[in-house]
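Two complexes are shown next, each including chain A; its partner changes from chain B in the first to chain C in the second.
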Partner chain A sequence: MQTTTTLPAPSAPRARAFSFAWLGVVPFFLFAILFLILPSGILLIGSVQNARGEFTLENFGGLFQESIANSYILSLQLSVTTAVVGGIFGFLLAYAAILGGLPRSVRTTLLTFSGVASNFAGVPLAFAFIATLGRLGFVTVLLKDLLGFDLNQTGFSVFGFLSLTLTYIYFQFPLMVLIIAPALDGLKKEWREAAENLGASAWQYWRIVAFPVLLPSILGTMILLFSNAFGAVATAYALTGGNFPLATILIFRQIRGEVLGNPGLGYAVAVGMVIIMGGSLAIYYFLQRKTERWLKQ
Partner chain B sequence: MKKFPIWSWLMILLGFTYFLLPLIGTLDFSLRILKDQLSLDAYVNVLNAVRFQNTFTYSFTMALWTIVACTLLVAPTAYWVHLKLPHLRPVIEFITLLTFVVPAILLVFGLIRIYSRPPLSLMESEIGSDFLLVMGYVSLALPYMYRAVDNGLRAIDVRTLTEAAQSLGAGWRIILFSVIFPNLRAALLSGAFLTFATVIGEFTIATFLARPAFGPYMANLGQTRPYESTALTIISLALTWASIGMIQLLGRGAQGQLVGTR
Partner chain C sequence: MSFLELNNVRKTFGQTDAVRAFNLQVERGEFVSFLGPSGCGKTTTLRMIAGFELPTSGAIVINGDDVTYKPPQKRNTGMVFQSYALFPNMTVGDNIGFGLKIAGEPKSAIQKRVDEMLAIIKMEKFGARYPYQLSGGQQQRVALARAIAIRPQVLLLDEPLSALDAKIRVSLRQEIRAIQQKLGITTIYVTHDQEEALSLSDRVVVMNDGRIEQVGTPFEIYNFPTTEFAAQFVGTLNTIQATVRDAARGALIVANQEITTSQKLDGLRNGDAHSIAIRPERVSFAADGKKPNVLNVRIENITFLGSIVRVQVSAGENIFYMDTFNNPFLSLPKIGDHAEVTFSKEAVLVLKNK
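Right, the complex of A and B next:
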């Protein structure tokens, strides 16, 4: 696969080809600098400046004040919960559809539905859940009419944490299905046969062979789901009208000038998020290396 | 020996219930604008609303610009890196991954900070803001567009095709547009549809650049017109479905997406 890219350039003399070749990537790097690196860099610079433009680390100290720390904690709780629950649910679904002895059409349908659901997010998704779990929502009414169970009496609110969790899971589990499906396909039939020949039970095959091979992919995908939820804002904003203090919503309101009142602190909140996202991506790459040892695609 | 896979079926049933309940709920809600009677009035109201038509046209146009800009940026670069600068590949991949680390809300935070004041005050004019919006969307679309094109390039023999074209006397324009791009058609189109699905209802960036886009309009409508906004939800679901359907038809499989409208 890699061989074509490592051959030396055969046509033009190497020195000449080299001296002009970089021109071809100038537009890309220009774009990246202007619209990716510069905007991220300015947040970093802003986060280490005070109101007079002098260097300071005070802003990062401000992250530990109660309201900001709580936003981070809430964002982390929501992201971890939806990543783990959505991840497990998605894995079980993909497993059932691919290795569970179901007809192939189930698998195709599941993958199509997952493609749609993982892309169906933001404002419309929030509306869908309000129409479903709101005070007069479809499921709320259904539960009351069929089971006599009044969701509104339980303290459940469509604008609360549980509802937001359910909404996020709606785009989280399909993503798990899509990413984990190739890994499940990569489990070789020979491994199972070999295990059976050695007298392993189905459970032993899973515990000793399949699960350890899949574990890095499962964990890696869950980390992707985590950062997917951690950076999300539109869904939560549309669902709760901006009243739910996630870290992203804090930034949303900071840009509007509604909170904090200190620009440097706003940038520090943003940089804190970038660090968390970057860290999780680094772990993801580490895990993916491990996966590739067994599951070459 | 084979028994009926009851657990698998139960699992699938659970999954599809989760998937379908909110959709049925939304559809049901969107049809109930008149008391005690099902009607399509909410849809008629929405489709006839001038602001819907304007914002939708605007977002549609911006989506097309994004697709054009992203294709012209990514495809030649990926091709060139494949052919001449393979050692730059990790750098390019790293840049495309920045979008994962800097989600839309943070990207627009930085964009505003830079482009709302001199020397680069793009946001002072309408066209400058539109340009900035498209560039923001290109950043969002970059990772999966790049991945789609990169996978496409790995599947064809870039070097041989290029040399064959060169030895027949083709220039770079002909090589790119008549030889390489047609071979990447499926990859480019699936990237384009995914971009479309992401951009058409995008909320965060459009809001902060104060653009008259579809996403902010939808969010606004939700606060005042519950029935019309659920009708819009069904319409945007249909659009997402159509985009993903096109990708499936192109045989690229369902694609996950990690950035964008969330």
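Right, the complex of A and C next:
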């Protein structure tokens, strides 16, 4: 007897079931749309409109006014200085704690402190600096009473560039520690041993292998520090009372209607900052990619 | 005097003895493998030869030069690591030329040597690539080229094939052996893979718990293990409980059946219980005719392993294996059947314990 086997008909492709995991990310997208994409769009549109709502590029021409150009230069100076100084200081600290052969507790303490300090910015940090190094600050008085050294006579002011730099470095170097620590951990012991086995001294290993491997991470993190400082406003505003003409303070005062009197120009200042920040992050992304590519097995 | 000597080398980490009284002489151009389980001290011994660990006591001599306390840079050894350890920021060519660059050799000489090395590892077209652009096997070949580019006195390989898949491992180990023989480099190879050690080495050092269990050629190690550990660790081994019947004649009783060994049972008395060992491939089904050792067994299980069929049998309380080559016309008894198996007197190993 002949038997036939009937194959089951191919089932129609089933529609992909809705995943409730999407609900979990809804708040993020909502937040991003409301507070990032929408404001950015408004900024961009506002920056190319005049008071009558007509299209214009005049606002961007206004960026070259002396006061605005100077505020950009000041912001760039402050950001670059604090990124480089904070970056080097943070790197040396992280190196000492992670590769310096110190007890494990030092590393844990440093990383915990860095986690807290990197977020300690704004009004509390400004107040802490005034309370420490202000005209009647704790350290100022202590130096005068104990050593007879009058900090105020040196021309140092908590409201100046140096003070602002010091204040920024307080939250910049911990950020460097936090970000560079995994990169230092990523240096393989075998690289050092292989270099030694091939005749290299410790200095040669660092110069030819370890430092070049770390360089993209160091530069990338410094760029993050730059962006961090470039976009900061609360610390500088609280410390100097808004009298230090950084680009962010200019925008802040523009929002409050204290300067410029031209919303379109204010938008253009902000777009200029967004472009600088975007460029920085693009370089950071490029450097990170380079490091990741190197380190993948 | 041997080319590489380890004289009474000992290493402790805190209270733990990692390597105990290690004595070994290696001749120039010899390929010696350290074989043992994890934690047996083989890598620590290798790292002491490289200079990454200092011995607690003892001496290491390379080509007549006592290097015991010399730093790694002054030993002229080439090391290949399990994780390749290629410098990720350098091209293949720069990695291979690294040691020569450090030694201050001229660029033209470095380039010539790099080209030679690339030819040896058959990667002539890969000089400008970065490690991340290579497969694991290719990276390890580059690591090998980098280690031998400096013309080391001793080549040290620390489980270089462990991270690779099985096929690559087999082909690369043949390549390593061919390169070693071509260049005549004295080589120490650390592995926990017995097949690797047996197939590559002139001599194998079986290690356990920080000490040497046995040193010998692969043939000696496999066929004439001197300790139970060496016998168990290298290859598959059946351990069978027996009772001494006649120590002078080498006769024992297994499951009420007599078997004989080719040696006297020195140090044992009649009636003593003692373990003997037999390799599965030395056991076969008994055909008609008189055989020196025949045991009546029950077939417990049959496992197909490709080229080999492994049959599990029992004789009284003893359960052991016999291996037979597979062929399409192989006729095997069924599970539960009774059969006779045989093995020669020489196949019976009477192990001593250290």
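Basically, the second predicted complex is superposed on the first by the 258 of 297 C-alpha atoms of A that agree within 3 Å, B and C clash if a C-alpha of one lies under 4 Å from a C-alpha of the other, contacts with A are read in each partner's own complex, and residues count from 1 in each chain.
In this text, a residue touches a chain if its C-beta (ideal position, glycine included) is under 8 Å from a C-beta of that chain, and two chains touch if they have at least 3 such contacts.
Only a predicted model underlies this, so the values are computations on that prediction, with no experimental measurement involved.
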| item | value |
| --- | --- |
| Side-by-side fit of chain B and chain C on chain A, or clash | fit |
| Which of chain B and chain C A:Gly100 touches, first, second, both or neither | first |
| Residues of chain A touched, compared between chain B and chain C (which is higher) | B |
| Touched partner set for A:Phe120, first chain B, second chain C, both or neither | first |
| Touching partner for A:Pro27 - first (chain B), second (chain C), both, neither | first |
| Which superposed partner A:Ala183 touches (first chain B, second chain C, both, neither) | neither |
| First, second, both or neither for A:Ile37, with chain B first and chain C second | first |
| Chain B versus chain C as contact partner of A:Val158, first or second or both or neither | neither |
| Superposed arrangement (fit on chain A Cα atoms) - minimum chain B/chain C Cα distance in Å | 10 |
| Set of chain A residues, in rising order, touched by both chain B and chain C | none |
| Sites on chain A touched by chain C in the complex | 188, 190-191, 193-201, 204, 208-209, 212-213, 293-297 |
| Of chain C, residues touching chain A in the complex | 50-52, 71-73, 77-79, 81, 83, 85-90, 98-99, 102-103, 130-132, 136, 146-147, 150 |
| Chain A partner contacts - residues on chain B that touch it in the complex | 2, 5, 7-9, 11-12, 14-16, 18-19, 21-26, 28-30, 73-74, 76-77, 80-86, 88-89, 92, 95, 97-114, 135-136, 138-139, 154, 157-159, 163, 166, 194, 197-198, 201-204, 208, 215, 218-219, 222-223, 226, 229-230, 232-233, 236-237, 240-241, 243-245, 247-248, 253-262 |
| Residue ranges of chain A in contact with chain B within the complex | 1, 4-7, 9-11, 17, 21-22, 24-25, 27-28, 31-32, 34-43, 46, 89, 92-93, 95-97, 100-102, 106, 110-133, 137-139, 169-171, 173-175, 178-179, 224, 227-235, 237-238, 241, 248, 251-252, 255, 266, 270, 273-274, 277-278, 281 |
